[in-house]
Amino acid sequence: MEDGVTATQVVFWILAVVMLVSAIGVVTAGNIVYAALFFIAALAGVAGIYLILTVEFIALVQLLVYGSAVVILILFALMLTRARERPQALFGRSRPLGIAAALGLLAMLIGAIVATTWSTPETSAAIQPVGLQAIGDAIFTIWIVPFIIVGVLLSIALDGAIMLASPDEDDN
Amino acid sequence: MVLSEFAGVSMPDWIDALLRVVFIVALMTINAFALIYLERKILARLQARVGPTRTGPIGTLQSIADALKLVTKEDVRPITADRWAFELAPYMAFVPVFLVFVPIPFTETWFIRDLNLGLLYVFGVLGLNIVGVVMAAWGSDNKYALLGGVRAAAQAISYEIPMLLIIVAVVMVAAGRLAVDGDASMAGSINAIVGDQTTTPYILLQPLGFVIFMIGALAELHRPPFDMPIAESEVVGGYFVEYSGMRWGLFFLAEYTALFLMVMLASSIFLGGWNWPFGADVGLGLQIVLTLVKTSVMIVLVIGSRALFPRLRIDQLMAFSWKVLLPFAIVQVIANGIILAYGGADWVVGLVSFALLAALFGLIYQLMRQRKGEGARTVSTTPATPRVITAPDVTPVEAGGD
Amino acid sequence: MTTRSSSVTAEPAGSEPGPGSIADLYREVFPLISIDAALDKGGDVALTIPSDAIHEVLERGRSDERLQMNLLRNQTAVDWEDRGLELVYHLYSIPLRQAVAIKAWVPTEGAVVESVADLYQMADWAERECREMFGIEFIGHPDPRNLLLDEDIDIHPLRKSHPLAPIEMEQGVDVEFFTKQHPPPEPEEEAEEAAPAAAAPTRKRVEDMTEAEREERRAEQAERVARARELAKVRRAERLAGAPPAGGPRPEGAAPPPTPAPAAATEAPSAETAPSAPPRDDRPPAPPPPELPSIPDAEEDPEGRAAAQAERVRLGRELAAARRAQLRGE
Amino acid sequence: MVQRTFEGEVLTEPVVVEREFETVDMNINIGPQHPATHGVFRMVLTVDGEIVKDAIPYIGYMHRGGEKLSENLDYRGALGYQDRTDYLAAFNSEWVYVNAVERLAGVEIPERAEYVRLILAEFNRLLSHFMFMGAFGTDVGYFGTAFTWTFKERERIQDLFEAVCGDRIMYNYFRVGGLAWDPHETFVEDSHWVLDQVETGIGDVDELMTDNEVFVARCRDVGVMSAEDAISFGVTGPMLRASGVPFDLRVDEPYSIYDRFHWEIPVGERGDVYDRYLVRLEEMRQSVTILRQALDQMPTSGPIMPERMPARLRPEPGEIYMRQENPRGEYGIYMVSDGTDQPWRVKMRSPCFHNLSSLKPQVIGGYLADAVVALGSIDIVLCEVDR
Amino acid sequence: MPALEHILVVNAILFAIGAMGVLTRRNAVLILLSVELMLNAVSLNMVAFAVYGQVDFGNITGIVFAFFIIVIAAAEVALALGIVVRTFRNRATANVDEVNLLKW
C-alpha cells in the first residue's frame, strides 16, 4: 500500500462517491420513483464495493435479491397505485432535528473509527479471497440453525405479505 | 484469452480488454442483424409467405436497411414524459445484457473471463435489465406502456425463480460429477459445466430442467406464448410504445441479444456447448461450428414458437409459474439432493427427471382437456315451411280497414 | 310481375291477413286495445296499435304462452311527414317460429314513447339510435345519449324534413369553401350564390364570428334548408306523378337545383294531399308526460348522473304503470 | 399563499409537491385507433390492475347515413351501397337488398340466378369466416400465422369472385331480378376446385387452433353469455347458436331455395368465446356441404334475368322486412315503398350492431386481455355497425 | 485494496444518510428505502471486517452475516410493502404521520 494510489483504490473511491451521492438522492428526491431509481444506483455501488472486497458471491446475491427483486417490488407497488399531485410536506416537521441527529451520529461513528486502532494487514496479498465452498460449509455447519430459522422466517413473511396485499372479500 | 492466443501475440491488458469489448459489440450487432433476418425468413416460411426478398440477395440486406431507417428516424419524446427516466431507460435495458457476455464460452478457450460464479452472475446481471423496462414504462407517461411494464416486471420476477431453482439442480448434478475428477467448487462456472459434458449432455440428466429453463427463457425474452408485455392487440406494443428511432432500436437490440444469450446458455448448460459429442480436442473450428449449430437449432425453435402459439393471459402466466413450474422445480431440486446424497448413479438422476417431465406434460395436457370439455355439437332441426317467396299479387286497399 | 305506376296513394298497407293469422291471436290476447292488421309484401303481419300501449303489448307478448315473442329483432321508425312518425317493432318468437310487426303512430314533434329497454336489452341501443335519428323521446330509457352521431348534435337526420345537402351546412361545414370547390352548375344558381361566394375571402370562420354574424349566418342557412325541403317535396311529387326528373340525374351535394316552381308543388299529388288515416283510439287520453330531469355530464357529476337516470327511469315506470292501470280499469 | 396539507393542516415549512400515490381504478381508452378494435371502434375500459370494472363502448365513427342515402337513390342505385356496409360478406348483403326489392315489386327470379346467388353467398360466408379465423387468431395472439394461413384459401375464393364478377370486394353483381351477367363457363368446375382448397384450409385452421393448449386456455369460459341474455340483446347468427339456441334463418324462416339442401346447424353449449369459434368452424364445413349440393343441382343453362323488366322500378306502396342469415347473423332490410322510384324508407338491421351491444356484460369482471378476445369473437364489421 | 478506515468511514456516512432519511421522511415507502440503506451500510461493514480479518472466529462470519442480512431484508421489504399497500386501501395515504390509529 505504500506504492501510492492503486487502481483498486481509484475504483473504490469512484464507487463510494456514486453510492453516497445516490444515497443522498434517495433521501432528498421529491419523487418516489426517482428515489427508487437512486436506490438502485446506491445498491449497485454497494455491490461494486463487495466486488472490490473480493466477495463476489455476496455481490451477486445483492444484485439478484435487491437489484431485481426488491426494487421491482417497490416499483410495482408504486405503479399499481396511481400517482397524484397534492401539496404535501416533503419532510416532516422534525427535519432540522433529524438532520442534526444524523450528523451527530455520523460524528460519533467517525470519531470512534478514527480513535480505534485497526490491525491492518501488511500487504494486500494477505487478504485471502473467500471461496464459495467456504461460505457454503460455514452456512451449512456452523450457522445451520440460523439458516433454518431464516428459511422459516421467509416463508412466514411470504404468507404474511400475500395476506396483507390481497384484497378483502368484503372490500366492495 | 481470446485474441492474444488466437493471434499468437502478447499485448497489454488494456488493449486486450478493449479488443474484447469491440468483439462483443460487433458480435451483438451482427447477431441482431442476422437474427432479425432469420426471424423474418423463418416466420415467413411457417406462415406461407416468402419474407423479405428485395433488399440484397434473397433479402439479406433487409436488416441493414431497417437499421439505417432506425438511425435516421427522429427521436421523439412525449412532452409529458419524465425526461430522465425516458431517456435513460433504453441504456438501462441494454447495458446489463451487454455485461452478461462475460462468462459465456464460445469454445473451450474463447470467453471473456471464466467466472467461478458464472451462472449466478448471468442471472444477477440479466435481472437488472427489467429496471430499464420499468423505467421506460413509468417514464413514458402512457397507460399502455405502464400496463406493459407492470406485466413485464411481474413476469420477470415470477419466471426468474423456477429458472434459478433449476440452475441449482443442474449445479448439484455438475458438482457431483466434477467432484469425481475435478474441483466441485467450479460447478458454478459455465465453462466447467460444458467441459463436463464430453460424453453425456445434461439434457439427458435433467430433461425437466431443460424444459423449464426454455419456458422461463421464453418468458424472460417476452416471446410467445409469454409476450403479453409487448402484446400488440392488448397494450399496443407495451413499454416501448412511445419510443422511436434509435432508442427503440436499443430495446430491440437488447431483446435479440438476450435471445442469443439465453440460447447460448441453454446450449452450454444442457446440450454440451462446444464439447459434446466430439470432446475438447477436436480443435477450435469444429467447436465453433458445434456451438453455432446448437444455438441455431434452438433459435429456430424459439422463433417457431412465435408462429405457432397464441398468447397466454397474465393470470394464467403467473399461475403457470407459481403453481406448476415452481413446484416441479422444487421437487427436482429435492430429488437431486436425495439421490446425490445417497450416491445414486447418474442414470437414476436422469430417470427421475424424465419421470417428472412426463408428469409435467401429462398435467398440462390434462388441464387442457379438462378446460376444453366437449366440443360444439350439431343439431339438425326440421326446417319450417317456407315463407312466401314471392309476394302475392295483391291489390292495395285503404289502410286502417278493421 | 309488373309494376304499376300508381299515383293514388302512399299508404304502407297491404291486404288484411286471413283468419287464423297471428293478428287474431293478438286480438285475443289484447281485447281492450284496438289493433289494425295488415299483411306486408313478405307475408308478415303488421299490427298497428296506439303508441301508449306499446310497452303493454310487447311485455305481454313476450310472456304470453301463445305468443312468446322473445326476440325483438328490429326497431325503427318511418317519417310520414305530416302524418307523423310510425314506430315499427319487428318481433319474432324463436320457440314458436312466428313473426309479427308492431306499429304505432306518434307525432313528429315532441313524441314521447315508453321505452322497452327493460323488456329487451336490445332496445337499449336501438332506442338510442331511434331517438337521435327521429327525435322520439323514450321515457324510461336508462341512458338516452346519442349513439351514432356526435354528442352535441341534436338534429334528426332520418326525418324527411332534413334533405341531404343542407344538413352539412347546419353542422358548420365551411359553405364558402365548399362552394368554391364545387361551383354550382346551373346559371341561375350562380346568380343567387354569387354574392356569398364572391364575399367568401372576406368572410370569417364560424369560430371568429360575433353573435350577430352568427345569427345572420344561421338565418341564411335556415333559408337554404327551407328551400331544399321545398325542392325535395317537389321532386317527390314529380316522382309520384311518374314524370322523369328534370335535368337528368338528380343533382347531389351542396348545389341546390333550379328554383322550384311553386305551381308544381300545388298541382302534384304529394304526401300531404294523400289521405291520412290516424289510428282509431276510443280510449281515454293519456296523461301528459312528466317533466324529465336533465342528465348531467358523467365526468362532472357521476352520482348526479346516476341519480338523474334512475329518476327518469322511475318516472317513466310510474307513468307507464298509471297508464296501464287506467287502461285496465276501463 | 398558505399551503395546506390534504387534511387542512397549515404548512409552515417550504413545500415541494410530492407525488403521492393511491389505489385508483385506471381508465384505459382502447380505440378508435387500436390494433384490436377491427376498425374505428372505441371502448373506454375502467380497470383495476388487469380486471375490467366497467366498459363504455362508443360507435358511430363510420356512420355515413347509409339509410338516408339509400332513400335518396332509386331502387337499383342503392344496390352498390350494400357492398359498403358489410364489406366482408358483400354478396349476402346485396342478396338481402335485391330480395327485398324483388318482393316489394313482385319480380320473379329465374332458377339459375337463384342458384348462382346462393352459391356466391355461401362462398362469401366461407370468406367471411376465414377472415374471422384470421383476425380472431391475431387477437388471441398468433403472430400473423392465423392470418396468412386463412388468407391462403380466402384468396382462392376471391379469385373465383373476381372471375365471376370482376371485383374482389365490392362486387355489385346481383341485380333486381337476377344477375348482372352469366358467370364464366367453368364456374362450376372452378367452384369445386376452390371447395377442395377450402376444405384443406379448414383442416389447417382446425389443426392450428382447436387443440392448442394456450388457445383453449385463452378462449374457454371467456365472454360467457347465456341463451336468455343473447336473445334479449337481439344477438343472432353464430353468437346466438354458440349460446345454445339453434336459430338459423335459413331453416327457421326459409328463404330462397335453402329448403332443397340437407345440412346441420352447429350449436354451442357454454356460450363462450371458444364455442363461438367452434360453431363458426363447423358452420364452414356445413357451408361446404351446402355448396357441393347446390353446385350439383344447379341448372347448367338458362336465363339469369326475367324476360321483361321495367326500365324504372316503381313498386306499389307497401312494405317488407326481408331478413336473411348473413355470416354475422340476421341481416334485415326494412323497406317501405311509396309508389315512386325511390324507397320511402330503408332500414338496415345489421347483426353486428346488436351483437356488439352485448359486449359490455361480457367483458365486465374479466381480464383486460379477455376483453380483446371477446370483442374479436363478436366478429364485428364497423361499416355495418355504423352503416 | 483501500484502507479499512476508508471503507468504514464511507459506510458510516451511508448509515448516517439512511438515518437522516428515516428521521426526516414522511412517506412510508421512502422510510423503507432509507432503512434499506442503513442495512446495506451495516452488511458492508460486516464484510469489510471479515475480509480484513478483524473478527475473532474466522473471517467467514461477517460474510455469512451479510448474506443473512440480505435475505432478511428481502422478507422485510415484502412485508413492509404489504403493510403499506394495506394502509393505502384503508387510509388512502402513505404518510406515516397520518397513520395514527394506535396513538390514542
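Read from first to last, the chains carry the letters A, B, C, D and E; within each, the first residue is number 1.
Please note the rule applied: a residue touches a chain if its C-beta (ideal position, glycine included) is under 8 Å from a C-beta of that chain, and two chains touch if they have at least 3 such contacts.
From a predicted model like this one, the values you see are computed outputs, not experimental measurements.
Colleague: Sort the chain pairs by how many C-beta pairs are in contact and tell me the top one.
Modeller: After counting contacts between each pair of chains, the winner is A-E.
Colleague: I'd like the most central chain, judged by C-alpha centroids against the all-protein C-alpha centroid.
Modeller: Looking at where each chain's C-alpha mean falls, the closest to the middle is D.
Colleague: So, what's the distance in Å between the C-alpha centres of chain E and chain A?
Modeller: 6
Colleague: Would you mind pulling out the distance in Å between where the CA atoms of chain B average out and where those of chain D do?
Modeller: 38
Colleague: Just curious, how far off is chain C from chain A if you go by their C-alpha centres, in Å?
Modeller: So the centroids are 72 Å from each other.
Colleague: How many angstrom lie between the CA centroids of chain A and chain D, rounded to a whole number?
Modeller: Comparing mean C-alpha positions, chain D is 59 Å from chain A.
Colleague: What residues in chain C touch two or more of the other chains?
Modeller: 1, 6, 9, 11-14, 41-42, 97
Colleague: If you look at chain A, which of its residues touch at least two other chains?
Modeller: 32-33, 57, 61, 69, 73, 78, 80-81, 88-91, 95
Colleague: Would you mind listing the residues of chain E that make contact with two or more other chains?
Modeller: Residue numbers touching two or more other chains: 27, 85, 88-89, 95.
Colleague: What does chain B use to touch chain A in their complex?
Modeller: Per the stated touch rule, the residues are 82, 84-85, 115-117, 120-121, 123-125, 127-128, 130-131, 134-135, 137-138, 146, 149-150, 153-154, 156-157, 160, 164, 184-185, 188.
Colleague: For chain D, which residues count as touching chain B in their complex?
Modeller: 26-29, 34-36, 50, 102-104, 106-108, 137-145, 147-149, 152, 208-218, 220-221, 242, 246, 251-256, 258-259, 262-270, 274-275, 278-279, 282, 286, 316-318, 320, 367-370, 372, 376
Colleague: Under the touch definition given earlier, write down the residues of chain D that touch chain C in their complex.
Modeller: So the residues of chain D touching chain C come out as 59-60, 63, 65, 67-69, 72, 103-108, 229, 231-234, 236, 245, 247, 252-253, 306, 308, 310, 313-323, 330, 332, 334, 336-342, 344-345, 347, 349, 353-354, 357-358, 386-387.
Colleague: Which residues of chain B touch chain D in their complex?
Modeller: Touching chain D: residues 43, 46-49, 143-144, 147, 224-225, 227-228, 231-234, 236, 306-316, 364-365, 367-368, 371-381, 383-387, 389-391, 393, 396 of chain B.
Colleague: Going by the contact rule at the top, pick out the chain E residues touching chain A in the complex.
Modeller: Contact set of chain E toward chain A: 1-10, 12-27, 29-30, 32-34, 36-37, 40, 43-44, 47-48, 50-54, 58-61, 63-64, 66-68, 70-79, 81-86, 88-89, 95, 97.
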